[in-house]
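After this come two complexes, each holding chain A, first together with chain B and then together with chain C.
Coming up: the complex of A and B.
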């Protein structure tokens, strides 16, 4: 019995240490400048939102926030569509070259974004898509689509073939079967895809750093990087910016924790 | 006729229609750049001028005799090594403890997993602030009488790489923990009961029951952590940009400097290919383990 309490205590300490960096950042962002002389682990006494307002308006974070939101939402929605359509074809349709296509998608699991950013920049530029939401969206989709094609494929593989056959005999088109029969069953895969793609898109720096050079197109990650470069000593501004960037994904995580955990383990544990 | 689902036309056309959106984006923005990075690596292109000459293996010859490349190469492996020890070792221990606890489990798990969803850019900002000479870490050390250990963590050549690896581990260990937890839940409870009857201590149980049963999951976490740590760019770029001097330079930051900032596109691409090869090999091993587990 005593063992259990020791275990719980150790875990409690670990949990506090893991949460501390986030909590301290939140504390700092809410402190008036006069309280910055206190140690970082002192909670704010006179709560103030002045730093948030400053960063949001003067710091340009409202624009960065909107840009990030547009890209992430479009990424998530389009990813669900294209990955599920492709997976549907891979599972329910017969066509030549299927094996080859599967291999091609496996290749996508291996390509690290970091390694291909230089030519990717050239391609996006040659389409005239530098400094556009669309350029980043295409790059995001392309570099992650494999993961989600396989996620939907393994989900669809569990749909009884008889269900598909029955719908065919009833005269439904493939698209009708996709929409009315298969997709409703695949809701968990849809949720996981939406969450993961949104998260990856929201958090990425490298692609956005390379493809968004004009200030009005910047995302939160690039905005924060820039802010950090020019306002090194602005501790309250930096922590408010960090919190602004973290809040949406933290809320999503807290609400959809189960789906997140399932999605993050799906690739690893079968 | 076109809408007749059983017509020959529909059977031929449908796969194309369903695959086209994903495939066209994928080929143009993922496969083509991958082929291009290999092609560029054989040229002396600067990334801007219309002219580029094929120079054979010159970039690779240069890379293999480039001292900085080898420093970055070495740093990348040290970096991954540190992260492996923390994420696999500590991750397993935390998961094993968590599996034995019911009270407050969700709360503890949430605290550990939450950093996983935080952007590497935000992680970089947070830890840069905490690592400052007058930052939280040093304040804490002084507070508990270990002031002698205080240092400018990101300015000290001997610790910067480890300090950054630690920050990265903070933000990724939650993933290891939940994968291990899922693995632990699959371990046969009877084995624990049997070993308890035989008088095994909890530590012996961990050593002789838990660890062997978790070997496949451990392999998965190991190689997953490895591939992900090889790819890291954001957190290093947003804190030290590889500095001080080159003490935290890893392959991705070095490639970015040469290729994107110094216009040595051909040479940067060669470094990109090196990265591609390393990550691909690790990923193939990962997929192999996954396949074996499924069978």
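Coming up: the complex of A and C.
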């Protein structure tokens, strides 16, 4: 029994340490400016939403939010499509150059993002896609596709070959087998891909900073930088902006908690 | 419905050839069984006919037309897999109707055909269930149902009963035979179980090491095996092969005598030996006898007998049913 209490205590301490920054940010974002002199761990006394309203309207966060949402949702959907189609071909079809392609995907897993960021910027610019949603989406997909192809490939490898053969005998084309036989049983891989790609896309700063220079194209992650000048810092703006950006993530996490944990372990196998 | 023609068919994986020079003519509506030991190439041959495995040599004709390059769909065959390979996310009805829905048949037509097949296989109550909610035997029937709804030209089955328990296996064996009689479709059935082969086949194809060892009706194979291998493979308990003095006496390398072809306590010419084991099956009694000068011999006696381990018995092979083989295992004609 003593062990149990020690365990709970340790877990409690960890939980507090993890939650503290979030809670303090939430406190700050809800405090009237006059209360900012109080220490950070003081809860707000007169609750106010003025900072949220300011950030959402004058701060341009409504626009940033829409930008972020468009990019993340499209990223997630398109990623599911291309990664699963590529993996399907790798697992169930025979074609010349398959080995080479497989090698390229594995290579894609090993190259760090920072190493290719500059050429990626030049490619996006040469296509005239700077400051467009499309440019960021292409870049996101290119950088992460290997990971998800790998994930779908390992998932499809577990699908019995006889299922594919039975469908061929039933007269299905490869695309019909993909759509009606294989994808319906790949839900865990689909959910994991959707969640991880959405979150990466939602939280990414580097690519968006490089590819989106015009204010109206900015995403939330970039928008947060507005509150941090070289000399000044808009603490309440930064806090409420952070909370706005965190809300969808927290909601997603609550809804998909179980798939999320599974996805994390799936990623760990990589 | 269609007959099949296999002309000099062969299969190689890279450098290794696993099927050699297969020639076989299958009549329309025939029930053919491929039988042979594990690894002899039964499944590979079936999959080549199905279009799941590339044909690397020779020609396959289905219904008079060359089928080598045709897709499984174009060949108009259906197949039942050993693992059943049911689509796990679809209901029983959807599984059975999948091929029809791909052909863009109307919902009503699909439903009617599925219902018809389900009635024939007593699957009516399970149409809305998923495969995961069925017993092994029910899944097996869904797999058969999926194959018959389309009324294919040729019906292929790869060890469809090997995942069932003994009782269900003999029950389903009968059902498949009845199904074949009703549908009159050409069926090719793969098994390594010689009892299934004997009971179901019009003709049996015995494969060994990638070659066809013999083709014939079950009784052909039993009475006139073309080799020592076939003689040993067909029949249960297995044929006794006796070398040494008794074989030399009749000018053969090996004598083959089936366990059921012994006479007990003959008046003359008896072999003598001690019983080492007795199996009492009720309708039959199986004695394992160590015969002096001939070695261990299995004897299958009809009915119940009182011999016990350690008893000395006198036996004589029935002269009508003695098989003689030369040093290559080929039969010596009498």
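Just so we're on the same page, the second predicted complex is superposed on the first by the 265 of 270 C-alpha atoms of A that agree within 3 Å, B and C clash if a C-alpha of one lies under 4 Å from a C-alpha of the other, contacts with A are read in each partner's own complex, and residues count from 1 in each chain.
Note that a contact is a pair of C-beta atoms (placed from the backbone, for glycine too) under 8 Å apart; a residue touches a chain by one contact, two chains touch by 3 or more.
Quick caveat: nothing in here was measured; it's all calculated off a predicted structure.
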Report for A:104: first if it touches chain B alone, second if chain C alone, otherwise both or neither.
first
Give the label of whichever partner, chain B or chain C, reaches more residues of chain A.
B
Which partner does A:113 contact after superposing on A: first (chain B), second (chain C), both, neither?
first
Touch test for A:70: chain B only (first), chain C only (second), both, or neither?
neither
Tell me the contact category for A:139 with respect to chain B and chain C: first, second, both or neither.
first
Check whether A:171 is in contact with chain B, with chain C, with both or with neither, and answer first, second, both or neither.
both
Is A:181 contacted by the first partner chain B, the second partner chain C, both or neither?
second
Overlapping contact positions on chain A, where the chain C interface meets the chain B interface:
168, 171-172
Per the touch rule, the chain B residues reaching chain A in their complex are 3, 5-6, 10-12, 14-15, 18-19, 21-23, 25-26, 28-34, 36-37, 40, 47, 94, 97-98, 100-101, 103-104, 107-108, 110-122, 124-130, 135-136, 139, 143, 170, 174-175, 178-179, 182-183, 202, 217, 220-221, 224, 230-231, 233-234, 237-238, 252, 255-256, 259-260, 265, 268-269, 272-273, 275-276, 279-280, 283-284, 287, 290, 293-294
Taking the touch rule as given, give the residues of chain C at its contact with chain A in the complex, in rising order.
50-52, 71-73, 77-79, 81-83, 85-89, 98-99, 102-103, 146
Could you please specify the touching residues of chain A with respect to chain B in the complex?
3-4, 7-8, 10-12, 14-16, 18-19, 21-22, 24-25, 28, 39-41, 81-83, 85-86, 88-90, 93-95, 101, 104-124, 138-139, 141-143, 145-146, 149, 168, 171-174, 178, 199, 202-206, 209-210, 220-221, 224-225, 228, 235, 238-239, 241-242, 245-246, 249-250, 252-254, 257, 260-261, 264-265, 268-270
Where on chain A does chain C make contact in their complex?
160, 162-163, 165-172, 176, 180-181, 184-185
